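In what follows, chain A forms one complex with chain B and a second complex with chain C.
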Partner chain A sequence: MIYLHLLKLLAPEAILVVTAILVLGLGLSGSSGRLRPLMTRLTLLGGLIAAWVLFIYPEDACVLNGMVVLDPLGRIFKLAILVLSMITVILSAASPVRRHFAEYLALILFATVGMLLLAGTEELLMIFIALELTSISLYVLTAYLKESSASAEAGLKYFLIGGVSAAFLLFGLSLVYGVEGTTNLRALLAISPAQATDPLMLAGIVLTLAGFGFKVAAVPFHLWAPDVYEGAPTPTAALVASGSKVAGFFILAKMLAIGFGASAGMAAWSQFRPGWLPLLAVMAALSIVLGNLAALAQSNVKRLLAYSAIAHSGYMLLGLTSATEAGFTAVFFYVIVYALTTIGAFGVVEVVERRRGGSQLQDFDGLYKAAPVLAICMLVFLISLAGIPPLAGFFGKFYMFAETLAASGEGSNPGMLWLVGLAIAMNAVSLYYYLIVLKHVFVAKPVDDEPCKSAACTPVIVVLALVILLLGLFPDALLEPLRAAVSFYTASLNLP
Partner chain B sequence: MNDYLLLCIFLAIAIVFPLIPLALAWLWAFFFSPGKPGKDKGAIYECGIESTGAAQVQFQSHYYLYALVFLIFDVETIFLLPFAAAFLKLPIAAFLAMMVFLLLLVEGLVWAWAKGILQWK
Partner chain C sequence: MILNATFLSAFLGAALVLLLPERFARASRWIALLAAMAGFGFALKAFAGYDQSAGAPHFQYATQIPWVRALGISFFTQADGISLVLMVLTGITAIAGVLFSWNVTQRPRAFFAFFLTIIGGVYGVFQSFDLFLLFVFYEIVIVPKYFLIAAWGSTNREYGAMKLTVFSVAGSALVLLVLAATYAVSGGQSFDLMVLTTLAFPASFQAWAFPVLFLGFAVLAGIWPFHVWAPTGHVAAPTAVSMLLAGVVMKLGSYSALRVAMTLFPQGLDQWRMVVAVLATISILYGALVALAQKDLKFVVGYSSVNHMGFVLLGLVTLNTVGLSGAVLQMFSHGIIGGLLFAVVGRMIYDRTHTRDIATLGTMELSKALPFAAFTFTVASVASMGLPGFSGFISEFTILTGTWKSFPILLIPAGIGVVVTVAFTLRALQRSFFAPQESGPPDRSTHHEDFEPITFPERLGACLLILATLGVGLYPKVLLDPIVRSFDSPLMHQLIREVASK
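The block that comes next holds the complex of A and B.
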């Protein structure tokens, strides 16, 4: 009964697909305005059941040559992705998407299915298919506002750059398969050193990294990010910035650590050796510098968040260059914290956009007077992004930088100090633009004195801010399960 | 490395081969043919039929939707054919899995139908 077993393993995904079909059916049955709350509730219910089902089959499995893999680490990430998607659904309940709302929800669900599959696979082809399922759903979601030319432009840019990068990724994967003769990541780990430094294999790694670089918006594959963040409906932008990033970094880490584990190379100062480490280090350095400097010049908060996202991608790529168990744990912790923070920030942006009709810096003027709760939440999110204690962003960054340094320092060689130093210097720059936003929120005179009515999604935003604060105070709540899951995973790798 | 050399030679031949007749035609035109361009002479030769109008015309985007719906059946066939060929050897679960697959496709078609995509406007 392999099919039944498969269905059990893929139960969360199956439930989401069924929910999407039900929502689509509801959308056909009547006026979308009246059914809107019902459709949102149905979607949330589906997500809840999927999250519950994730934990009632606690068996670990690896079937179909690694196409479907289930382990504690994957489960943590699946849960994170589900939570982020459901927050996106809550945000979109009052979004500017008026027409075809059922399809909007269904596409969010399909994108979520893609991300869940991405978090639960160790096979190159499956990775590609899951990535495409996610991306294609997100392209449509980006271009969803038919009346807005910015949305259409963003969708087109996202689609074109995404299509090209998918081609790069597929070509890279095909080269890897050509050299090693397997599409299973664990089998790739066991290749010989001669194969690992084969020029074709290195070319495959470069092309694959280009494909993933697009997914996580790292320089020089970042060009779509500012336009998509600005033009897309805000819930879509929130999903692109959070869920898709979590899934992207998780699979990138798996790909590098297992699939390309044998061809890591070296990126420590004056000890460069070909492999993915130096590439990753260069991408990280460029992302950190360009993301932080370009964010200084932005007048739109969504664009600013986009450049900040590019910079954060740089930080996380930096964390991946540690290539140790502890370093990867730090990156996993940080990417989840970052996703929760950024989706919260987008929630505030969404509310402001609805009240004031835009997301320029001026639109945030005097938010503190109009909606003190939201303003304080925004403070928590931005300060956490900037990395100030006692918030979770500080701890995540500190842990990531510390692990990277600890992993690379050998004797008198400064190791990765060059990159970590750059990151810390640029992080100081980032404080400036986050504080500019906060200045508009807290200090600037409000445009109108009428207080905002509390939005439906305010409770969610408050909960997110609390979670960020609590994770900063008690990081072990997330770090311990992650650490256990990662070491469990590494132990399973060493088995014959 | 020998294989790659062969590939390079092949690539070079592949580039040169179509260039030779083009170069010959160009040389012939340069040395022998009188340069008298005219409306008929400069016209595009297409099966002897006179060309009318520009190639860049607008046509309904509806056409693409039709093509996409057609794709549903196309993909269906690709998967159904091997399934039908091996039908007698398959367990009941495989049959169920296939029915789920068909259900998903039919659901797509029903959705498109209900949205009025199959009506030619």
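The block that comes next holds the complex of A and C.
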């Protein structure tokens, strides 16, 4: 083990840490207001270099008993996380965060480092540490608006619920370690069937899933989400909704497929067998139903997006119940598309919030007049979330549903039909509340005729909307690299 | 490629209209007209060039490009007689729709962009032979419909728009479910309709997949009891959108039911055929009876759509070439006539009188005040009743002939439906246009001098539609030949032979 080699493998993370320290140093110089643009640029530069080095060392590695893993699939996810974080930084450029901007940027960078580590490890302890690094940074970021009591409340809620679920997760992981005697995911895959259905192992799985359920905001561990999305500074909420979700689902998929691969169980209708599949299916069903129904009643767009995020977690959990290579590829495609869509939607919310001082539905009245470009972008994002073609969200959903059914397809009646049917029905419901938002944007009379000055982040939002449209028209652009990476990964597992 | 040019020209037109600078917003209608005419031109050229000689393939103009390799999805478009007839209908409706929305001044760019997006989606559905592609086009239509009605509509527009959208989306959710299940059950190699129809799906799968899929499509075709969106939506919509909805969007439902649900699951169809036939007959009778009781002229036309679409669905499940061809011809015929009726009621009458109440209209001496509107409505009514010489006669007659072969018993209620259709049409026509005037001085406030005369674009649009229904009525061969020929294709042949011969 040469440390230089380790540094090469962790170069993106290292670069982000260095950037964070530099930004903090700039912040110490006192005149942080004047240096704001410089700090933002420095952060973006750091992110850019990190993304670049991700690809200049294209060697695959698995060192330190799986603590640091690098493969094509991980690289795609690290890139996605970096892109999402950098968009968050751009959205923050004009954010309401007035004081301690350097620390704010540094925290975003630290959270990003946590997510990157999460995407590049196959070891239980490392997973826990990376998750905590991400979470703790996000707790602080959520509570960053000192003058807003909603922000403080959201931060406290996030922290308390997050702390409890971290305890659950740690307890679960320790049980798994206790039964199997290893913390390496690949070693867990090789356990005997008797061990796989050991009650203690199953208890460990339940507790671990509870911990992850919190990370991805799945019912019944979702209670923090609406308050955090609403109270946190909007760019922070965007990061929680996008980057943190991408990392969370990636590592959850890995845990389930490799770590708990032997104790899957069964979730087909009337054929439930203990394991993580039925648990996941129930969490998915609850999230889909509760998320979509609760979103119907919201009057604040950020809260509405939070409930829609819960519903989307449900769809993705549903995708994970396929437990096949194609099904996981579908989830990976969907989570990346979802993150890009949702961060774009938050970008529009951020601009509106700054102009109109709030994110209630009424604040979106007549946006088409004030900012036609942003209005059209919002249309693209929300319609994609609702799963209407030709946008990427539609293809992603269709792919997940089809693969989930195909994985359970025995003869004429696929076993997962109950869950997919529920998801599709609820997805139809979701169009209703997205249309309500869009009605305010396009149909309602404008509150004032004064056009918005174009916001600095508008180009980024437009690019995101274009990406969503193009990925919908040509899904292969993302799907083929993902498929290749996933099948490469599966091959590396040396499954019998 | 000529097929793809139809929807490409519509989408391109939509994009151009959106990119137009604010100052030239009024020019958007010209761009929309050009795009609609280009689409119609391509559709007509494809229709004229369709080779009907004995040995020629049933499906022509094929384009197939791999699209999403992971799921075996391809961009696969081609056309047979049915597709081409409906594409020509789309072209005519699009042009007439633009002409009848010539007076849209409120945000014309957005209006025409949404309008053309619907047109593009409709063209796309009629030529897609890949299930996934078909569904993509099918869904593209939904969201623009909502905005067109909610922002530019009239009576109770936000309610009507949402109701219509909710029903459409519920229908497509059913379709989506079966689509995903079909992928799973078929082993997931392909969405190519030509391939899928050769697979024998297990009977137990067809038994639930067919009704779900058929219902999903039939919601859009306004089948009873899921028709409730249609009258409300049609009434709330601006004129051009009512014309589109009645003219082509409802046809998406009946077309897809035929093209996808029926060909894909013939065994399921066999099981559920009688149920569909009965529901269709109820639609005919119910639509006609409810139309008879309406006070609002636009609601009369709205319910007449339910009635006419009932004939289409009934014709489809007769499963003999006569009834099926009649159903397709009825789609064309109702597209034209329904469009014409909505044009008169929504644009010529309501935009001027600001009322659609039949009794109030009756006091206005419309036959003298707006003679052209009265003339057009009379022609449309006569065509709608199914009088010989118009397209409606040929199509309803063939459907009833087909019904007699397959469901003799249903001929009685369907026949009654025809009679009631005549009744409600004549009632609406007589009471709103030719009502006998009460003695006494005419009400000066609504005197005909006040009405703005019928404009040139309106006359042009009305003439276009009248010519279409009259032309087809006098020379139905021009459409019937390619339609009948299409039911001879391997895709349909199997369906007609195997199911109907039982």
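Annotations for the structure displayed:
What we mean here is this: the second predicted complex is superposed on the first by the 490 of 496 C-alpha atoms of A that agree within 3 Å, B and C clash if a C-alpha of one lies under 4 Å from a C-alpha of the other, contacts with A are read in each partner's own complex, and residues count from 1 in each chain.
Heads up, the rule we're going with is that a residue touches a chain if its C-beta (ideal position, glycine included) is under 8 Å from a C-beta of that chain, and two chains touch if they have at least 3 such contacts.
Computed from a predicted model, the values in this text were never measured in an experiment.
Once chain A of one complex is fitted onto chain A of the other, the partner contacts of A:Lys439 are limited to chain C, with no touch recorded for chain B. By the touch criterion defined above, A:Leu431 reaches chain C but does not reach chain B. Of the two partners, chain B and chain C, it is C that touches more residues of chain A. Residues of chain C that touch chain A in their complex: 18, 67-71, 110, 132, 135-136, 139-140, 142-143, 146-147, 150-151, 158, 162, 165-166, 169-170, 172-173, 176-177, 179-181, 183-185, 188, 201-205, 208. Chain A contributes residues 326, 329, 368, 376, 379, 383, 388-390, 394-395, 398-399, 401-402, 405-406, 408-409, 411-414, 417, 420-421, 424-425, 427-428, 431-432, 435, 438-439, 442-443, 475-476, 479-480, 483 to its touches with chain C in the complex. Interface of chain B with chain A (complex): residues 91, 93-94, 96-97, 104, 107, 111, 114-115. Chain A meets chain B in the complex at residues 1-4, 17, 21, 24, 28.
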